[in-house]
């Protein structure tokens, strides 16, 4: 009898395990959705700050490019149409492209560059999860550095880490450097001796960046993306920066600090507990990256605003500022998965 | 009987635990001292090396600024009087400022900048422990990068790590970069195209830096602070660099190496066992940071001198050098907690 | 009886342990070979790319210098003869030089520089294991930055890590930056305001670098060495970069990413599983480091070529390229330990 019970319970146990395994597998298969997006590349005038405009080759006419937000394992198709007068590609930075190397987007290595007027279709599986990005891979010293050919690609993990699950607000900060002497000379620029003189978060310099609005108890995730040519040192005041992910991959354990050094191509996801109401700076500690041209108090700077303290302080530079949401794609990130254009980043078409 | 004994011993055990808890809590409460310091900001001429002088806005007339050395949890008050002709603030870099955001020292965000002749009082709790620093937050591209407005803020931990307890000698190295064309044009500088041409440890370039004097068996702690505008790669010869802290926070486990990459705003505490008598270089491996103007053999360089080998070697550049102690605040760090001015760093007042 | 058996087995156990200990010690003593090498320093013309030549002070007339490949614990002797008209030394970067500080190769600190025509002998134990390098320590802003005075020093570990044992192909990538205006002015250069305009892997710019040829199942090790003056961000497409070693020391656990930030003097060993047949880029993500002078598509770039996909693709820039093996010392690394000159890196002697 004992044996038969034991056998029975053993059978039941095996059964339960099997069911759990099956359940665990379901998301991996059933959720692998097919997603198809269209991107155009357009000659577009954007404004970094004040009167400092720039001729870009902008994906869907905006810088940063549209947010592409998909689930790990999704089958992604992107049709890219080049409406400019120069060749381009898209490299999906961080995607492993297993079995799809010809969708890696490198001219002279994985494809012929997309000529003006042509359309090219990229197909790949969204793998691995994490903070990724996409950018042109033609003449990167010009197209990536100062023609705004970059945007965020966020791949949601099937199994998020505990620390990720605590996040209440999610922000994307793409960091760039610009050489204004090439602003309106498309097809030129990015040469030795260039004098970099503008620095931006999501293509805007302070004071035309936007605050990060929180309340006590929020947990924010800053997805830093090194989209430009320089190293940046992102310093957040008043809170502990927990550096949790590098290039989309979780670190073994978050590294604590207050300043995050990030180089071109790198991404760091920093998670901070909003436990300290106040007005706090986030800025590049490379001092010269907080200037606009030859003027101080610009560049890569923004603030965290707690609703508990408000913004109505006589000394606060942004006390009368009009708040523009979604500047960090924080609203788009809450929407359904897919591709999200944003009016916030839309420039002016440039007619030939 | 057994039960009563058991109960008794259980009672005693609980009692002992409670006592231990109480004992553990005592330092956290009883040692939270109130500490009040005065700082002035003064137009001051310092010399980086040779005849290369610089007009600075120096805290208490010295660069680096006075060492502020306090215990974790201390209540700190600093009265800052601006005796220059330009506005300034002090940001206490790394301090969490819990509940005291208006002491964070950021103009246009947490206060009006301190106008010439005015005094502003900062009040905050020294939290967290570690290698911190303080600096002006007005026009940082000029004031921090090349007007010497920075100093060390060391917060002793209540519960030091085992590796910290092994340290026998403690050194502060603040790294900076300078543009000599602005040397005597206060209120100007820090613009695109600037040519950096001087690099310093604690505001001195080699050969006017000082050696680190040790004997076999010492364990030294180098508190590297990125106070300037560039990334530095600090290479120590002949010893294993154990990178133990980033921005004041202990790393999960020290990272071993021989070269420490440090960006603006960052701090790394490197601990090295002095087990190898000799004369050894510590220098920036960014080669161009070991020049003074257009001359080689300068900048961010110093040596470790073991008493076992002495300095009387015919080839040794510093064999006749006059040793100036406390150049790394190593003597001040041994004194009682508080603020420590240092004659070593004192410049010349500049009269209008 | 029981006791005696027990005693006997205890004796046998102790005996076995002792034997194991003895066996474990044998390699540490018996394999510590004496190795002696000769190096000369020669005025040598090399070509970075196209017609861009450079006057170097090359070890054995080649840049990079010969591969020195030894076993941990070996006793190394190197006789260095200076055949140029300027003084030099060799610093063995990463070697602890325990008890041999006068072989550390620093002018004015551990020796008089080696004058033209003179020979100096360095003697040291190869310790610790890992990816090390050697370079001149005189006027490093010129000699190291742009006179090619550097080469790899690989110290094999006596007890390799499990991850190291999986490696099937081993590559050395030394990264440098050059200022062409000094190309043919030996004894000058490396001053503030210098415009860097060439960037190289093993002293060659794309497209004159060489592909990394693999097949599925290979595990490659990229030994990145920051030999120049700038920070580089080495991005590998299509694979997970496992950063396993810093400065020769194993990290506690490899860090995953796709972009490795490396500063001057640093080394990172990156291990990648070749599980994804295709043609893949490896390049510096500092965009301006992928130019040659004022031309795009150059600098620090190369590819991984899988034999499974071949190179005969119409879009592939290197489909007709003549393959030169050992460009990454990958062949030399398979040979017996010792010093390996390489024809690949040999320049032209410059006669006075």
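A few notes on this one:
A, B and C label the chains in the order they appear, each numbered from 1.
We adopt the following convention: contacts are C-beta pairs under 8 Å (C-beta built on N, C-alpha and C of every residue); 3 or more make two chains touch, one makes a residue touch a chain.
Fair warning: this is a prediction, and the values are worked out from it, not measured in the lab.
Chains compared, subunit B against subunit C: the Cα-based superposition rotates one onto the other by 120 degrees, nearest 5.
In a homomeric contact, the two copies may use the same or different surfaces; for subunit A and subunit B, under half of the interface residue numbers are shared, pointing to different surfaces. Between the Cα centres of subunit A and subunit B there is a gap of 34 Å.
Shown for subunit C are the residues that touch two or more other chains, namely 231, 252, 261.
Looking at the complex, you find that subunit C touches subunit A at residues 195-197, 231, 233, 235, 237-240, 252-253, 255-259, 261, 275-281, 285-288, 290-291, 293-294, 296-297, 303, 309, 314-317.
On the side of subunit C, the complex with subunit B involves touching residues 91, 93-94, 96-99, 101-102, 104, 106-112, 128, 137, 139-142, 144-145, 190-194, 226, 228-229, 231, 246-249, 251-252, 261, 263-266.
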